[in-house]
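In the two complexes below, chain A is the common chain; its partner is chain B in one and chain C in the other.
Coming up: the complex of A and B.
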């Protein structure tokens, strides 16, 4: 990538103070986000994806969350990890926007939809008068493909369905034309058809407005549909990262491979050990280790079928590795898997 | 459709109207509120036009119940209301009451002072309607007739019909001393005597009526201020947490450990002998009552709103608002507080009634309303009369208050049910 990335995260570490001691939720995470790119962050619940995004936005509770001072979140020449609250308030909503998972409670029930879009505009774009604001809000509603935007402008959230509310959330997030949109599991609470619509909407908007998107999800299908690059997280660490094509066609980390194997397909599934196709869906045994009780070596060791003695002893570092066609991916594994997988139905992007 | 038409035909309104009890109660409240508004206007009009009391003249229907007129003497002391027939002995005493006023006036030395004294005899709308000479003559006749009655030991004896006929004649004669009332003034004066008078001869009905205004005033101001104060402190405590929460919690925990009544009494007592302890200025003298009640009542809404804020804080639209970059104070005022309005309304109606009821207690203890009538004062003053079997004053005040409180409770419940989308008829 010859262009400078719009967001550059280096060594991001976030800890939480709890009754049982300090726990590290995000451990030394680094990544770049190029302009107009969609980066997917995937992982199980509790792996640190949401905390990462909230740390970038500095939306974590002040008293209990500690961002390591060596963390660097470089955005437009500013280190967001150490910026003061007033500077952050100018960034939030205006330069970096965030949308959340639950559309049913994402909008304030006592104000109209239009009022809530206007509110964001009023705060960040003071130069607009009320007519311009209203026009822009209706424009945004049209942009997110809400039919009859003028009528919807005056309606209350309870008069809209979940999918429409999520569109309104996107409208509010994008109304100030931010450089980055962080979407925290935006389609998890929606049914599959609406999910597809919302994702294609986001993709279209990204191309139209040039917004970079950080898409947090646990659904690999979503990643495959809209993301350019993907980052897999496990127990607070990045364990694999690269382009969607590389990761989906040749996942090198056992965890990533197991995740992809566990996607239900029609027909037979490939079994990792025996190689024999079977009807049974492969799963990953065990559970994520408690962050209070992390093993000394690789964090995935308890659940890894390829565990060796070195894995128990020494935690692997995130290293560059060659993927197909000479591309570089990062893998955190002592024994990355070389064999490619067949990713059903997808011929890459 | 206009907004009013839409509100009338809305689901909540239809549900409310289905209950005849609720509608009836609402009508009663509207009547009370209209009376309160009328009396407020009356006081202002009377002050502005300088026609505050009976002596000033210029009484119109609107200003008939201004403060000074309501607290003025309208007739004999401790008279019973219409429905109860007075004993003959008591009626004779009432005649004596009328006579004594005239006698005193006529005994003065200088003609000017006699004229002034006669002019000053004003019992409500009734003023002296005859010249001094005429008055002297009639009074002389009356005094003679009155002493004539002395021969009878017991006017209430069923056999003493002649005596009672004489008493009737006496009463009719007394009437001739006054200007005959006609038209609306007659109705107003009859109304004043309809529920009797208290130990100072003031009209029970007029005072009870005026107390509506006092009660509504106290209820409204106290509940609005308490709810706003409590909501602001509670929301701040819940949203900011930390030391703000600590301070607010300490405040209300400490205050609520003291029994309400004791706290109220102490706070009101603190103001005695101060600038605010002023019998002559109704607004100023109510300030101790307001302060005492607000200091105790803010705790309820504070707790409730704090709890609701703790819940709202975790909802996504609050996090989304933070993600848009709004400041915390803006989010608190603009996003959290509007979502607690339903709780504020509930607390408002609860505190409204509590304020009216506590005012009765405070006034009973002598710490409440000091200038002008109020139901609490009426009840407090009436204890002596009750011992003597006269229930008019205490009964009137209690009924007026009871009806308001009951109607308010019914309407609040019905409104709550009407607005709750989950509650089925």
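Coming up: the complex of A and C.
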């Protein structure tokens, strides 16, 4: 990553005021995003991946969500963490756009699809007149491969299927040609054949428009398919980050390793040689600790197979470690797994 | 379907030509204006001890099929035989022993447990109703059950809202197993759970399956889970089983274009499986969406999205039958005119 990143996040910390006291949902998260890159943020529910993205977009309610004043979200020389609402409005939708998991609830049911694309253009592309905006909206619908875009332009969200709604969301997000697209679980609510359509579409648009993508997901298969780099989060912390190859082939944090092991792999490689694999999956015992009641040391300690006395006492820092080919992997572990691992199903290849 | 399997055992469950249509009402007089054809003539047999997977996308009728089999929903037509006894047409009282023998685990552990009952009360109701154990032994039996599904003993006296999603699904499993069933329908049992919890619950189910000698119908949209945990898989599309084959050779011998598309649409496991740059993602991308079961196409249900469609597909539904090009061992059936 020699060129300057378009988005640079440093020490991002977001707290929530709740009835039970203040809780730190995102704790000291830092990352860079390069132009045209796809960064995956992976983790289980409650790990802080969605809060991270909403903090960048400043979509959290200001009354309850507190962004720590030391947080820096640098975008084009501006710190989005402290930017005022007027400045954010110019960024949001125009330069950084977002798509959400649930296309049903994120589209407005009482306006047509065309109106909703037009709205974004009306705010951000003042130079266009209404005819040009309409033409642009229809072109966007065509770009996201919606059949009969002229007819769909005048339809309401409920007239579209789930996959089509998510495409409309993508059309709205991309109509101003943003530099960054934040996609929060964009395919989780969709069927697998529709997921394949949406992922292929996003990949094609990324190549065509050069958009950088932050993809938030819990689906490691989707990450393997589309991401360049991966950041793994656990209980509000980044616990490992690196290139997708390093994370999948040489995970150094025990959590990353266990997470990769615990998903069933497709048998497309095993079956040819050696019958069926065991019906047991390796598991991660226990559950994620509550953010209200975090242990003093490493947050993964209760579930970790490699726990030692130091892990209970002292929380590890996120440190650089050199992976193969000189890539830097960052790991938050006192005792990272050193030995290269072989991903199940790829032995002997 | 075969009445007797190759191993000579009679099937535990035999479903033939099961149909479920839901009436759609509308208009001024609220008349029936159409039918949602959720399940259109499904035949399937399950051997004792077998785990059969049903895979398909939302709206394909897989959950309706599962619920019709245990008669949580009354099927429109067709027969369901359990241990040789025909269930269709049985009255409430006659169904009772079968209600105990056939249980279900639901997808959503949040809405399938009564929020006002402690786990102990909920379990006791089922156990006493079916006289599973002697009244004085019920409490001990509940404690044993709770530990079997991996919960702490004090969990029995808690309410459902006090548990996490994974724990609640363990309670759901305990509820299903409390009456000592022989057959279990698991309807998307792990889809609502986090990745690391999914593996825990799946392992638990398989362990209990062996311990209690259960037979399982495992309904899921996730082919990777089905492949790992089932012996055979039935692929459903719009109310029909379009292919049925052993999971062990899913990748080598899947013949139906929809099964192949499902396999090809699954994301890769490992970034090094990516195709060369510039060639897109290498995923199989089908055109269009799943058609509506309110107005299914004539002929083959897959006709609108199929990459290899021929004229005959548009007019006639292909039968689910063994194909000459499949290996002779095992039970493999495909419903496709193009596959010979």
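Quick notes on this structure:
We take it that the second predicted complex is superposed on the first by the 329 of 349 C-alpha atoms of A that agree within 3 Å, B and C clash if a C-alpha of one lies under 4 Å from a C-alpha of the other, contacts with A are read in each partner's own complex, and residues count from 1 in each chain.
Here is the rule we use: a contact is a pair of C-beta atoms (placed from the backbone, for glycine too) under 8 Å apart; a residue touches a chain by one contact, two chains touch by 3 or more.
It should be emphasised that the depicted structure is a prediction, and the values quoted were computed from it without experimental measurement.
Legend: residue contacts after superposition of the two complexes on their common chain; A:6 is shown touching neither chain B nor chain C. When both complexes are overlaid on chain A, the residue A:107 reaches chain B alone and has no touch with chain C.
Of the two partner chains placed by the overlay, only chain C lies in contact with A:265; chain B stays clear of it. When the two complexes are overlaid on their common chain A, residue A:248 makes contact with chain C while staying clear of chain B. When the shared chain is aligned, no partner comes close enough to touch A:41: not chain B, not chain C. In the superposition on chain A, contact of A:123 is made with chain B only, not with chain C. For chain A, the partner touching the most residues, choosing from chain B and chain C, is C. By the touch criterion defined above, A:92 reaches chain B but does not reach chain C. Annotation: chain A has no residue touching chain B in one complex and chain C in the other. The touching residues of chain C, when paired with chain A in their complex, are 57-58, 164, 166-167, 194-200, 202-203, 206, 221-225, 227-229, 247-252, 261-274, 280-281, 283-286, 289-290.
Looking at the complex, you find that chain A touches chain C at residues 44-45, 161, 163-164, 191-197, 199-200, 203-204, 218-222, 224-227, 244-245, 248-249, 258-259, 262-268, 271-272, 275-277, 279-285, 287-288, 343-346.
Interface of chain A with chain B (complex): residues 57, 59, 63, 88-94, 97-102, 105-111, 119-120, 123-124, 169, 172.
Chain B contributes residues 242, 315-317, 319-327, 335, 338-339, 341 to its touches with chain A in the complex.
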